[in-house]
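The structure under discussion appears below in the form of structure tokens.
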Amino acid sequence: MKTVVIGVIGADVHAVGNKILDYCLTNAGFKVVNIGVLSQQEDFINAAVETNADAILVSSLYGHGELDCRGFKDKCVESGLEGVLLYVGGNIVIGKQKWKAVQSRFKDMGFDRVYPPGTSPDDAIKALNKDLR
Amino acid sequence: MKTVVIGVIGADVHAVGNKILDYCLTNAGFKVVNIGVLSQQEDFINAAVETNADAILVSSLYGHGELDCRGFKDKCVESGLEGVLLYVGGNIVIGKQKWKAVQSRFKDMGFDRVYPPGTSPDDAIKALNKDLR
Amino acid sequence: MDLRNKKISEEKFLKMREEVLASWPTGKGVDLKEAIEYLKKIPDHQNFAKKLKKAKNLDRVLIQPRAGVALEHQHIKLLKYLEKVGGADFLPSTIDSYTRQNRYEEAEVGIRESILSGKSMLNGFPVVNHGVESCRRVSEAINVPLQARHGTPDARLLTEIIHAAGWTSNEGGGISYNIPYAKSVPLETTIRNWQYCDRLVGYYEEHGVSLNREPFGPLTGTLVPPCISNTVAIIETLLAAEQGVKNSSVGYGQLGNIIQDVAAIRALREQTEYYLEAYGFEDVYVSTVFHQWMGGFPKDETEAFGLISMGATTAALAGATKMITKTTHESIGIPTMQANARGLKASKEVVMLLRGQRYATGIKVRKEIEQIKAEVDQILDKVVEVGSGDLAVGAVEAFKAGIIDIPFAPSQYNAGKILTARDVDGAVRILEFGNIPFDEEIKDFHYNKLEKRAKKENRKVDFNMTIDDVYSISDKKSMIDSENEWWKNENN
Amino acid sequence: MDLRNKKISEEKFLKMREEVLASWPTGKGVDLKEAIEYLKKIPDHQNFAKKLKKAKNLDRVLIQPRAGVALEHQHIKLLKYLEKVGGADFLPSTIDSYTRQNRYEEAEVGIRESILSGKSMLNGFPVVNHGVESCRRVSEAINVPLQARHGTPDARLLTEIIHAAGWTSNEGGGISYNIPYAKSVPLETTIRNWQYCDRLVGYYEEHGVSLNREPFGPLTGTLVPPCISNTVAIIETLLAAEQGVKNSSVGYGQLGNIIQDVAAIRALREQTEYYLEAYGFEDVYVSTVFHQWMGGFPKDETEAFGLISMGATTAALAGATKMITKTTHESIGIPTMQANARGLKASKEVVMLLRGQRYATGIKVRKEIEQIKAEVDQILDKVVEVGSGDLAVGAVEAFKAGIIDIPFAPSQYNAGKILTARDVDGAVRILEFGNIPFDEEIKDFHYNKLEKRAKKENRKVDFNMTIDDVYSISDKKSMIDSENEWWKNENN
């Protein structure tokens, strides 16, 4: 059974998608460690270290995603999590922007997969199953 | 008192604007000769000749304006109406088109003034008062 | 006049057909026997009449756009797009205005010019010029039922062609496709023409083919009070039933006051059913059509979206079977296919959201229903009276006498004495009755409603109200100006 | 706990102020005496409380957007645009999420980054960092009343600054700005914080300045049943009244069933007034706020227009005083000012069209009103009981015990046991009550409503229904798929 850490980063309180991701990932056979909303980079990393996680799924809905995710990958590497998959999704930037540009900004920050608004949990599950095979 | 012929050209039955133009122009002090909907070029010309009109206001709402107005100016000239003002207004072409281009197509056809959709009767009155001074 | 509301005998009908089919070369393409076989093979979900019947159990309003361009392949492209992207439940073919006036030569010019210029120079699909084979390619290219929508005083040949082509519905009627759509065609003529169209449908029905017929509800689309448009719809339905029509959709154009609009649709359905039964037609299936606002539209596309969606909400609350959608290009010109699909999508979103919901039968709606019914009854009684018991004759005489009178209609056979305006709630009331045969109670009702507005706005009840209201939906500038004044006034 | 629903004494309040104002440098900019003079000079039509009162006579719903960007000049540009082009009747300043969590250093970073990158890197206007002078320039740049809209558990400093700056309304409350907006802030703390905010308003009122207060109605915006959101709104209004608030707007987020939505707004107004009187507050002016759908929005912008306009129709029929509008960018991100104005315009078109119109008080609406009222009464009775007569204590205890329980809330102080789903008509009902103290009659009512749906859809009443309904407004694909199946099924 693969372990995934999920949570909502920064000063973000959007809880609905997080609760639904929890339910769907659990249903799909993952061990879900949900650190909930208002989580800092450290909270994600601590949870991943403690549970020996295979992947971290960062949600950011409220628009500050770009500010909140800076340096996340570096911190992961520092904490010995270089092998851990890093996804980010939600409404990760402010406003309607060209998706290609947004995606590559986040890939440059070290995220393995970057998801646009309204991604269905099924897509996340498919990708995890593929990447963690 | 100036005399204006109004009517709706071609196979066009849009009567509302025509009735309102009639009312407003009359109120504004014009002698209005209203030949109504479904009027052919000849009907306009005959009415103008008979009443010694100062202006002809052609309405076309239904989209065939461009087909219906071809050669109108020539016929006017043939009938000795070269001095009579020629306006056209309504929804004179099919669909949403660049107004500048539409306007110059109709000016080329010999219309003195060309009006876009939703022109208020007041605008017509102002122009007539100016052009017929 | 030798007009009668009486089923045309088969013999006479078949003889008339020969003449009609000979009136333009494409008429030769109609083979009635073969057409019956062709129509029988159309699956239920592509048959207009059958889909409408089934819609009763779906619990949402079905949607249909208006659409038509000059050339076959472009028309097919347009319809497919509206089905796929717009989610249309029914498709139309709007017919061009030359065809509507039987000016097939001019339509031919339009087709040629369209080919040359690469854009449609006609405001619709010239069905007669294209003929049966072409029209079959159109209906076969789509997966939903197809209807001809036009405004043709003499649509006999058109009707022959579209039904033979598998188009399972036809809009129109002897009154509704004359008075708003013609200037000098006698009503007698058009009623006769449409008896023919209905008789053709009756013939198909006798041979096992279900077709739908739909009188054109909104008439001039401009401040037509419900009593007038409902009366016309009921008369045309009765005339059609006499010729053998079995599946009728009665239509109504949104006026803007939700209570009046809901009541009008309900009254229309109930009274149509009532009169059908009273006239001895017990097997006619009735459905209703709600037209989004048919008068002048706002120029601003966003405002237009508001109006379109508000119309869709009303249709849903009224429980109409079908809704004809508008587009945000309405005030400018024939919409692009994208704009057309957007009108459908906004409307569909609303009717999907409101699935299963109806306006609760509050006292206000019920009162308004009773009001409309009483008005329609009084007009219809008089129509039958002046027709000495014959509805067709009555209709002709009623228009002559102004017993039925349609605001802003171009026809010289319309009295044109009626004037209407909105009351304080935006409902359309009558300020000048002409010869509409209402009793004092009804007249007082209208009078009082309009007086209340006059008082509120400190003005008189007169034609200027009517004029203002012609613009009140399309242009809110003056309303906004007076509001701005209002806020600054200390005494409100 | 030493929490009490009791007006803070002036002495104590003034002492608390010192501490609050010292918590960030811009606090020094607040001079209460000078602020009172400043506020008194604001003309009536720019005062939120006064404009709301006057709105009663206008007979249409007033509209307000959400909007806020990082930098002052851009924020001003945005608000001016929404006033001029959008026709907003009220303007907001949405506050960024760092400020909401009192993380002013991070807000400072956001401001700097916004200057550098040339675009707003914050999701709102960081009011505390900008301070009183800057905020005055904002309110002075516009011609309509201005309100702070946020979601701040500790908004004391923010509140000091905005009111001193002439912003005449503040959204929020001890419950509604905690449970949906925080994870681990005790309710006791936020109720206390908001008592302070309300006390400040009370202080202004005592000195002749009218200000408006508005609890945040929609909570998590996601399938919150009316009984829960109305209960919270009423509690917060009563707590505010105790501190001297005189002008309260109670809010509610659209759920989608028009009857339920209309009933919820009516019940909310009536019960708020009823309880205010019962608690001895006879001079509090109550108005209502209707929020267009607050949950996940459709991605397609045209569908979004349908949803927005349908919401506007509902607000008008409900007779809400004010409506908060959404935009077609909702599902993607903070809207551009153009998109924001379009949301306003479509909404304004609808409320202008529906001026003077109300939903007739049909039996269904009345039944639904009674239902909601009975539910609210049962919850409120229990709240007071567990608070031993004190409403503030009761609120804390009620959340602890799950007597009030908000679906999908992030707070650890929320029980999170309640589950809701839609019935056949789209009304939101409760499937899992947790500890909400309903009698059997009410529970059966909800149970039966959902069972009816389960039967119709041939499924069980369970969490999967809730999940489906989280998506049912934003994504209609599955609904359309099942419809397509339906048409092909012979047996319907």
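For reference, chains read A, B, C and D in written order, and residue numbers begin at 1 within each chain.
The criterion applied here is as follows: a residue touches a chain if its C-beta (ideal position, glycine included) is under 8 Å from a C-beta of that chain, and two chains touch if they have at least 3 such contacts.
The structure presented is a predicted model; accordingly, all values stated were derived computationally and were not measured.
Asks: Among all the other chains, which ones are in touch with both subunit B and subunit C?
Replies: none
Asks: Going only through chains that touch each other, how many steps at minimum separate subunit A from subunit C?
Replies: Steps on the shortest route: 2.
Asks: Counting only C-alpha atoms to place each centre, which chain is farthest from subunit D?
Replies: Ranked by distance of C-alpha centres from subunit D, the top chain is B.
Asks: On a C-alpha centroid basis, what's the spacing between subunit C and subunit D, in Å?
Replies: Chain centres of subunit C and subunit D, defined by C-alpha means, are spaced 43 Å apart.
Asks: Please tell me the distance, in whole Å, between the geometric centres of subunit B and subunit D computed from their C-alpha atoms.
Replies: 55
Asks: Whole-Å distance, subunit A centre to subunit B centre, using C-alpha means?
Replies: Distance between chain centres, rounded to whole Å: 66 Å.
Asks: Suppose each chain is reduced to the average of its Cα coordinates; what separation in Å results between subunit A and subunit D?
Replies: Inter-chain centre distance comes to 29 Å.
Asks: Give me the residue numbers in subunit C that touch at least two other chains, ranges are fine.
Replies: In subunit C, no residue touches at least two other chains, as defined above.
Asks: Connecting every touching chain pair, does the picture come out as line, ring, star, complete or other?
Replies: The chain contacts form an open line.
Asks: Using the contact rule from the top, write out all pairs of chains that touch.
Replies: All chain pairs meeting the touch criterion are A-D, B-C, C-D.
Asks: Using the touch definition up top, name the residues of subunit C that touch subunit B in the complex.
Replies: Within the complex, subunit C touches subunit B at residues 96-98, 100-101, 103, 106, 109-110, 113, 119-123, 151, 180-184, 220, 222, 295-296, 299, 329, 331-336, 339, 408-410, 463, 467, 470, 474-475.
Asks: Spell out the residues on subunit A that touch subunit D in their complex, using ranges where they run on.
Replies: Listed in rising order, the residues are 10-13, 15-16, 19-20, 23, 36-38, 62-64, 66-67, 91, 93-97, 117-118.
Asks: Which residues of subunit D touch subunit C once you look at their complex with the stated criterion?
Replies: Subunit D reaches subunit C through residues 45, 51, 54, 57-58, 87, 256-259, 298, 300, 302-303, 305-310, 312-314, 317, 342, 345-350, 352-357, 359-365, 424-426, 473, 476, 479-480, 483, 486-488, 492.
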